[in-house]
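Take a look at the structures below.
Shared between the two complexes below is chain A, which pairs with chain B and chain C, respectively.
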Partner chain A sequence: MLDLLADPWRFDLTRRAMLAVIAVSMGCGVLGVLVVWRGLSFIGDALAHCAVPGVVVGFLTRTSFEAWGVVSALLAAWGMALLARRGWLGGDASIAIVFTSAFALGLAMISATGSYLNDLTEILFGNPLAAGPVDIALSALVALWVVGVVVLLYRPLVFASFDPTAARVAGLPVGLLDAALYGLIALAVVAGVAVVGSVLVTALLIVPPAAARLLARRVWTQMAVSAGLGGLAGVLGLYASYYLRLATGGSVVLAAVALFLAALLVSPRGVLRGWARRRTPRPALAGR
Partner chain B sequence: MDPLRLLVDPLAYPFMVNGLLETALLAVAAGLVGPFVVHRNLTFFAHALAHTVFPALVLAAVLRASPTLGAALGALVTVAAVFGLRRASPEVRDDSAVGITFIGLFALGVVLVGLLRVRSANVAAAVTGNLLGVGPAELATSALLVLALLAAFALLHRPLVLSTFDPLAARALGLPVALLDLVLLAMVAGTAIVGVGAVGVILPVAVLVTPAATAQFWGGPLGRTMLVAALAAGVAGVAGLYIAYYLPVAPAAVLVLALGACFAASALLGPRGLLGRRRTG
Partner chain C sequence: MTDAPHPAAPGTGLVIQDLSVAYDHRLVLDGVSVACAHGEILGLLGPNGAGKSTLLKAIVGLVPRAGGSIGLDGMPLGRGGAPSTRLAYVPQRHEVDWDFPLTVEDVVLLGRQGRLGLLGRPGKADRQAAHAALERLGMGPQRRALIGELSGGQQQRVFLARALAQEGDVLLLDEPLTGVDATTQAIVLDLLADLRSRGLATVLATHDLAEAARVCDRLCLLNGRVMAFGPPHEVLTTDALVRTYGSSGIGLNRDLGEEVTRATLGPALPHDAGPAGHPEHEAAPAGRHPHRRTGR
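Presenting the complex of A and B:
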């Protein structure tokens, strides 16, 4: 039994993948709580695709993919924030318009220059097992930066996320705070895409925070729980991928979804309690 | 060279004619369904549908079943999962339900591709779509879907519009709002399926959302919004096809960029855009 548990960790490959997933799930878990509170679940997947034109520029000019990817995702994220602030459209429509334009620009550049689309699909699907030491160091740095900024700006960020109108009345620079949050999300997403792939980053930004929301009440406990659940999903997913020979990114996502479903069952506001509540008849004059 | 010939010459090729027909169908669907998607904030749902159909397509390929049937089943599973998650707990928000369904099913597709060793020579085509490779069979499927959309809208347009723009009034009048919501979701799914064939997995949401958002800046009643949206989608599609005919770029990319340009221009110059509003005071 112990052998079964220890076996996967004999390899550098799996240990590195584990570290990468933990680093990414820290940053994404913390930011994801704010993302879920704001109803921005669409943004992870969208920003992952917004990195594409930058990556193509990096590819064509033989400079850093990551740096250009971050630049294009940052520009796109701020564009989304600006469009959403005008109040013309629902937040998701703003995200969709910016992201599809950015992605189409990337596609047009790829098809016009005849560069390899295979690299693009590699970037989109990603593979945690391919993470090298530099990737891990980079994603750890990004995670530290993200968590640091969130800790520093904790109160204003949370206030502006829950009640932007009141935050503006209280004199907070809501626009700047939004720009900071969207910027952090763009950074975390692109760093994550480079290390573990876009599918896994999108999932880590949505699924563990949604589970944490079911299990904890305060924002900072939700952040801690969500980062922890992301790491746990990483461990479970790596075991599954090692023993069942499944795609690593995909099985980590499925593990995270399984954890979410478990949280949905056992949560005080979840399915089981809901059934129990419906079974027990209420007293006739129960106070509301 | 004679500019007229530049326009007419490509029409000698059936692939170009098919592409133009598919574009026209897509524009009709976008005009019809897009305004509802924007107003009901179904954007993420539409994007998710285009992705969740992926595992169903993988399974259909393995079982040698019809891809259209697979896509329809995938859409059905998606709608059921989103509804189920939303009802499971008040702590699960709409966008979380969509997001978890979306990424969970998509990851399932990725795992299945590896597990069943599906040879996906068409991964690239799935990403970009293939507007210039539309065959008669796909065209017929799209035409049927668009006809179904038109029929649904013709039969139900009053209750659909009322339940979208004033759900409380619709409920008070005794309309089956939940059922109407399902019809609308099915219409979005139909449009997404047409869109995936034309512009791939990632970009159908642009066809659904950007034309309708563009039309918002021109104001007017719903009918006009739909016309403007369909027109924007059609013009962008034709531009995409012709530019892709003469230059080596993906037609879907040009289509979406043209849509983005339409949106930006309307946001600036439309009667309800930035400059328009200032002019009218």
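Presenting the complex of A and C:
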């Protein structure tokens, strides 16, 4: 049993992948709590697609695809924030316009350069085992940075998310905080693309926070639980991928979904409690 | 007692002159001039869409001005920016998502964040201010509850507590009495009287003419422009109400008849009760026994 657990850690390649997956899933888990509460669930998906043109540039120029991906995702994120903020478009329409145009640009760039299929698969579905040491280190750094900024700016970010009007009146730079949050999402998403690919990176941002919402009451406890569940999903997913020869992205996301279903069962408001409540007779309403 | 009260020296407090606000190219506020001295409650009355909320938002710099000036104690407030921590603003309750996973205490502590800045963390003094504000609004026992578990009236009190914790000296309230229970209404009215005696300038947007006539030192009837501005008994005339509300204003005045008379006889709340207060007023909390005051 111990051998089974230790085995993936013996190889440099898998150990690196393991650490990167854990770091990235935890970072996405922390940030995802704010993303979900602000109703930005689909932004992860959108920004992952926006990273594609940058990633392609990285592939073509044989430089870090992470760095280029961050650049294009950041530009897209701020573009979305600007479109929504100026009141030109609703939040959902501005996200959709920016992300489809960026993804189309990325596809056009890939097809124009030949090796269409292999590169595309890697970008869309991720492959932490193929990522080089520089990319892995970058992912881990990005995850650390994301968590660090969220911890540092915790209260202002919460204030600007819960009640942006009052936060502005209180003198907090809400526009700057929004830009910071969108920037962090872009960073986390690009780090996530390396791990699970652009199609599934949304799951890292949304599924652990959704499970944490069922298990914890407050923003910061939800962040802690979400980080824990994200990290756990990363570990479980990589083991499954290692022993069952599954695509890493898919197995990490499936592990996260399994944890979410477990939370749905055991949560205080969950399925099991519901059954238990229905079996015991309801106490009469106490009179005052 | 029937004259317009001026507890503070003229020119101090909040002075709004010739303020205009436009959304796109439609003027929402046109040449609005009102004032609210320290130790005074100004009531903003008017139909839906009259610009009550817009006026409050313009004061705190949330909407840009097309013209005019806003001053606090002789100093101009920044145009569309530079909000001052002296202004505490309570938006309408429905403007936020109450399912947000925050406790009552969390929300009230956010009221201190403006002073603390981006990187500041609340210390002992901040927690004490938050607790005092919660106690003042009768929300002490619920301070660890999630805000989503509260009633509408309790949520309103949390918003008020957040503004109190900010310890500003100008309080801007957007319909704090709309849709709240009797307990909350009594607590809020009592608090307003208390803050007035402590010298705060309070601007209160409300739909409740009767309550406004009882509580406010001065009223502003608003419908894009200022239709009337002055002490309640001068403002609440059929003429002014019809100008503000259209023909339905006639009925309003008839319904208000009793209240207007009462306001003319003397406002419900003490104007110059110092910190020591007046024994008679302390015995009768604001807003609960209006009939007692008609005799004064």
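Brief remarks follow.
FYI, the second predicted complex is superposed on the first by the 244 of 288 C-alpha atoms of A that agree within 3 Å, B and C clash if a C-alpha of one lies under 4 Å from a C-alpha of the other, contacts with A are read in each partner's own complex, and residues count from 1 in each chain.
Assume contacts are C-beta pairs under 8 Å (C-beta built on N, C-alpha and C of every residue); 3 or more make two chains touch, one makes a residue touch a chain.
Bear in mind the structure is a predicted one, so any value in this text is a computation, not a measurement.
When the two structures are aligned on the shared chain, A:Arg213 is found in touch with chain B and with chain C.
Of the two partner chains placed by superposition, A:Glu66 touches none, neither chain B nor chain C. When the two complexes are overlaid on their common chain A, residue A:Asp178 makes contact with neither chain B nor chain C.
With both structures placed on the common chain, the touch criterion links A:Ser267 to chain B but leaves chain C unconnected. Contacts of A:Ala166 after superposition: chain C is touched, whereas chain B is not reached.
Using the contact criterion defined above for the overlaid structures, shared-chain residue A:Leu153 touches chain C, although it does not reach chain B. Residue by residue along chain A, chain B and chain C are tallied for touches, and B comes out ahead. Of the two partner chains placed around the shared chain by superposition, chain B is the only one that A:Ala108 touches, whereas chain C remains out of contact. Touching of chain A by both chain B and chain C, each in its own complex, is seen for residues 213. Residue ranges on chain B touching chain A, taken from their complex, read 38, 41, 43-44, 47, 85, 88-96, 98-100, 102-104, 106-108, 110-111, 113-115, 123-124, 127-128, 202-203, 205-206, 209-210, 213, 216-217, 247-250, 252-257, 259-260, 263, 267. Listing the residues of chain A that touch chain C in their complex gives 37, 152-153, 155-156, 158-159, 161-163, 165-173, 213, 216-219, 222.
Every residue of chain C that touches chain A in the complex is listed here, in rising order: 60-62, 83-85, 87, 89, 91, 95-97, 100-103, 106-107, 109-111, 113-114, 116, 118-119, 121-122, 146, 162, 166. Touching chain B in their complex are the following residues of chain A: 36, 39-42, 45, 49, 88-93, 95-97, 100-101, 103-105, 107-108, 110-112, 114, 117-118, 120-121, 124-125, 199, 202-203, 206-207, 210, 213-214, 245-247, 249-251, 253-254, 257, 260, 264, 267, 269-271, 274.
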